[in-house]
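One chain, chain A, appears in both complexes that follow, with chain B as partner in the first and chain C in the second.
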Partner chain A sequence: MAAPMQRPLLKILAWAVPLGLALLAVPHVVGPFHTLTLMYGLVFGIAVLGFNLLLGYTGLLSFGHSAYFGAGAYAVAFMVKYFKLASMELFLAGSVLVSAVISIVFGFVCVRYTRIFFGILTLALSQVLWSLAFKFFWVTGGTDGLRIPTPWLLGMDPGTDKMEFLAFRYYYYVLAVFVLCAIVMWVIVHSPFGKALQAIRDNETRAEFVGIRIRRYRLIAFVISGVFAGLAGALWAPLNGLATPDVLVWTFSGEIVFMAVLGGFHNFIGPIVGAVAFTYLKTYAVGFTVYWQLLLGTVLVVLVLALPRGIMGMVEYLIAKLRRPR
Partner chain B sequence: MEFLLIHVLNALLYSSVLFLIAGGLSLIYGVMRILNLAHGSLYAIGAYVTAWAIGTAAAAGAPNAVLFLLLPAGAVAAAAVGAALEPTLLRPFYKRPEEYQLLVTFGLLMIIEDCLHLIWGPNPLSAGKVYQLAGSVNIGTSRYPAYNLAVIAVGILSALLLWAFIYRTRFGVVLRATSQNMRMASALGVNVNRIYIQAFTIGCLMAGLGGAIVVPGQSAVLGMGVEALVLAFVVVVIGGLGSLEGAFAGALIVGFVREAGVALFPEVELAVLYLIAAVVLLVRPAGLFGRGER
Partner chain C sequence: MSLLSTQAVAKSFGDNRAVNNVDFTVRQGEVLALIGSNGAGKTTLVNLISGLYRPDSGRIDFDGRDVTSQSSYERIQAGIARSFQLVNLFDQLTCLDNVALSIFSREGKTLKLATLASRDRAVWDEALEVLRQFGLDGKAAVPAGGISHGERKLLDVAVAYALKPKLLFLDEPTSGVSTREKAPIMDIVSAIVRSGGITVVIIEHDMDIVFRYSERIVVMHQGAILADGAPDEIRRNDQVTTTLLGTHVTGEAA
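And now, the complex of A and B:
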């Protein structure tokens, strides 16, 4: 039994180790600009990994993941403002708790539906949070948002050089959390639970017939997905330095969907690739023209028309083509 | 009493515009089973085109009657955009999963939003001249803008027209048949492609009309489409996706709740609307008037 398990593991290690070393070297090789952009990409990567547990593995398209991401970010902001906390570990724990509670409540309502109604319902509920953040400005700072100072990592003072902190120590912190999240998600989707989700995605009736409790499984997937997004929101908050309602509004959910499709949601690492690629794309598009939405919108339409399986789908196709016996 | 009447009129005003937007969205979903995320942007196109046309004409010193005649320009423009979009961008997606339809319309939304920015710039555009020209009427001791009454009339009239069109004409029969069973309609000789393009164009025309009649009262601004879309979602979710009666009832509910919200509970006014939508979905998944088929 051990031998067939080891081979895929070796295969994964064969590309994971060089990639990991490259990621470790990043802050020393490239400047802070690229390090920070990559960090945004990794942070979004966590959120999109979570999102894809629903879309890619359970077959549910959420158009409201901004709610859990934003909940994570605002959880950090509130902990700073009202409890005067500064420890990143507490921030992460707090945002996991808050996003779990919100996704349990929202998920309880949403998982009764599938397809388009699921999408609309997640969207409508996420807008509840947005409108609250927008209207209760004396609590949330309204559109100005709430400032988030540099946090303490593992009980260590961040120091005064913010750029140095973000580009080195915080980068490694984010990288560590990211790797941990990716491993956890990998284990989840390859566990019996993950297989059950895929069975639900492929054939609901059959899955129910073999004894899978569909609604409960969907709810668990929904909550895991929300917690990943919340965790990403918490990591994002100190990086951005400001929590604003922009991360709660539904168009940000659209960007999360965009990232998943760009990378390819049929593939485990597609969402990560998509998140990093999207972050670079958006950063350059925003720097290049004020009409970046036009550019990204066109990319999205062309992508959906010509490359529906995303970047990783394309890569898989090319690899399969190269391997084909001549 | 008088105070209440003005609130009722404001609610009706808001409901009229909402009905035009949400009715179009619902019509398109009912016939084509496609949820158009760019629908709000077509409403914005209507607003921008009308504001621009009236603004340009007024600056050129056109007579007042011409300004009123230019009002529907936005509706025509939105319909033209819709007629161009359906066969080119949407048609390849009918046989593919919904996530792709949502994504392509989301991409479209981004494109249209920026095109408006590109053409008309970042500043709000207004057609306030028409609003002033319409004058005001006396309600008790207060004065109420006559233009708002005209908007309410347009809303009611278009609801009636649409109803007559769909339930009393031959085209309406074909449209309903296609909506109920596209394959059967196609087998019986209905040109489904043509019905789709017509339905989509009518839906966009309504959204554009909504934008066109709203713009004398308030300015056309960037982002108005995104905001309108979410409210239109609330309306169709309450009323039932794909049902025109539902869009009508939903628009009235949202209009009145919003007006009451602005007066009584301004902080949670939007949250209450979204929560109503969520509760309706829980209690009656297909909406108040939906056909519970899906």
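And now, the complex of A and C:
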């Protein structure tokens, strides 16, 4: 049993190193448009990685992840508006704190239920946050949202050229946080705790009878999941320049679900692939026609029907086929 | 010495007294069979002991302590484990993972989230050893959903066994298995529990298995204990044969 442990690491390095180099080269090779689109994809990728800890690994479909993403974005907006802060590191810390508190409270209620009841509860609670952001306009700016200026990164002044800042320095910042998040999530799902979550997903009754306290584990997974979404929201805020109730509304939760399904939630990197693919599809659909929702919807329905296990499910299938040629 | 004893435990579901003031004792180290027709209260009694249900009245002592008000989690920690009549496994995880999870849990390691599970070599070695004992080491890397029914029954027992319990309930370990496969499964299970010195309560319908593998038999009927004794005594007990065994065993004994 000694050898098989080393091989996965080598296998991961074999594609992670070229991919990493490609990601590092992106701002220098493609224009700011593609760099920014990719950044949105990576930011959503963090949120969907978090989301998938619940769906793919714990077997819980959250339909309210906009709440934690939005909480992260608004945490940044409030820190700018009320505390006059500008440090991205403080923004990240603040969004982790806020999204953790909210997901502890919401999670405490939601993990008592599973399946459709869990989904509906997460949806309902996220709508509560949305209506707060929507109605309390003197605090949140209502539909106008709150402006978020370019932040200081690691104590460095962002300068005045916003496009240069976003497409280069902020890109590398987002990339670094993304890689860190991906590594942390990879360790979590491969830890004994991650195994326990998968056990709960597969068979709740049995998990309980091998001594796993399922509610507690679900709650921990819920909070980790929410914090990932909150962190993504904080990274998204300066990129968008504005925090609006749009990121709290339930349709955005739906997009998060879609990204996971599109990429393949049975696979660790499926959510990342799905987030990037969805962002590109949406960007092009919006640029192509004013009826972009219709176009995007049609494309997505076709994709899901053609790839029931998502993009990564298809990739796995093709790799398996190549290995065993007939 | 008794490892487990219940005193006048009762449990009703509506008007149905599923378990009616039962005094049930399991002695340290024995292999006991709990038999009775469907609806006799066997599974309810086991559910009361494992903590799935709370008794309406009565008291349960395990390993020298009153566990009546303890949760099922606390009873698992105290050393009560069970397998399931309808196999309950983690189907998408490998057979090795299924067993390893019991070991991680037993050692209180399942809350560790900053270390890779694969690094804990001792756990995997032990898990593989358990699979080997159950003759399932060849299936270690196969998802539990992808092995035969007989193998799944064995794995179900292996998962409970890997918790190293003091008392192990086997709920119909050979149900749904072909007659030909029953004896091999029971041979494996009984050899393992005897060598491990684990006290076992088997709930079983197959009388051949009951008489062959148990040291003591407790017969339940309509929520109460009808008879309690060595296999030979039970075989000779007229009340048992008429209510439960029918003419099949009497004929065999004669």
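The rule we apply is simple: the second predicted complex is superposed on the first by the 318 of 326 C-alpha atoms of A that agree within 3 Å, B and C clash if a C-alpha of one lies under 4 Å from a C-alpha of the other, contacts with A are read in each partner's own complex, and residues count from 1 in each chain.
Methods note: a contact is a pair of C-beta atoms (placed from the backbone, for glycine too) under 8 Å apart; a residue touches a chain by one contact, two chains touch by 3 or more.
Note that the structure is a prediction, hence the values are computed from the model and not measured.
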Given the superposition on chain A, are chain B and chain C in a clash or a fit?
fit
For A:T283, is the partner it touches chain B (first), chain C (second), both, or none of the two (neither)?
neither
Report for A:N203: first if it touches chain B alone, second if chain C alone, otherwise both or neither.
second
Thinking of the overlay built on chain A, is A:K195 touched by chain B (first), by chain C (second), by both, or by neither?
second
I'd like to know which partner A:V187 touches here: chain B for first, chain C for second, both or neither.
second
In the superposed arrangement, which partner chain does A:L121 touch: chain B (first), chain C (second), both, or neither?
first
Taking CA centres after the superposition, what's the angle at chain A between the directions to chain B and chain C, given in steps of 10 degrees?
80
Looking at the overlay, does A:V109 come into contact with chain B only (first), chain C only (second), both, or neither?
first
Broader residue contact with chain A after superposition on the shared chain, chain B or chain C
B
Quick one: is A:T251 in contact with chain B, with chain C, with both, or with neither? Answer first, second, both or neither.
first
Please give the nearest C-alpha separation between chain B and chain C in the three-chain superposition, to the whole Å.
15
Going through chain A, the residues touched by chain B and also by chain C turn out to be none
Flag every residue of chain B that touches chain A in the complex, lowest number first.
35, 37, 89, 92-93, 96, 98-100, 102-104, 106-111, 113-115, 117-118, 226, 230, 233-234, 237, 241, 266-271, 274-275, 277-278, 281-282, 285, 294
Of chain C, residues touching chain A in the complex:
50, 72-73, 76-77, 81-82, 84, 88-93, 97, 100-102, 104-106, 109-118, 120-121, 124-125, 128, 159-160, 163
Taking the complex as given, what residues does chain A use to touch chain B?
55, 61, 63, 109, 112-113, 115-117, 119-121, 123-125, 127-128, 131-132, 134-136, 250-251, 254, 257-258, 261, 290-294, 296-301, 304-305, 308
Chain C-facing residues of chain A, complex:
1, 5, 187-188, 190-196, 198-199, 201-203, 205-213, 217, 220
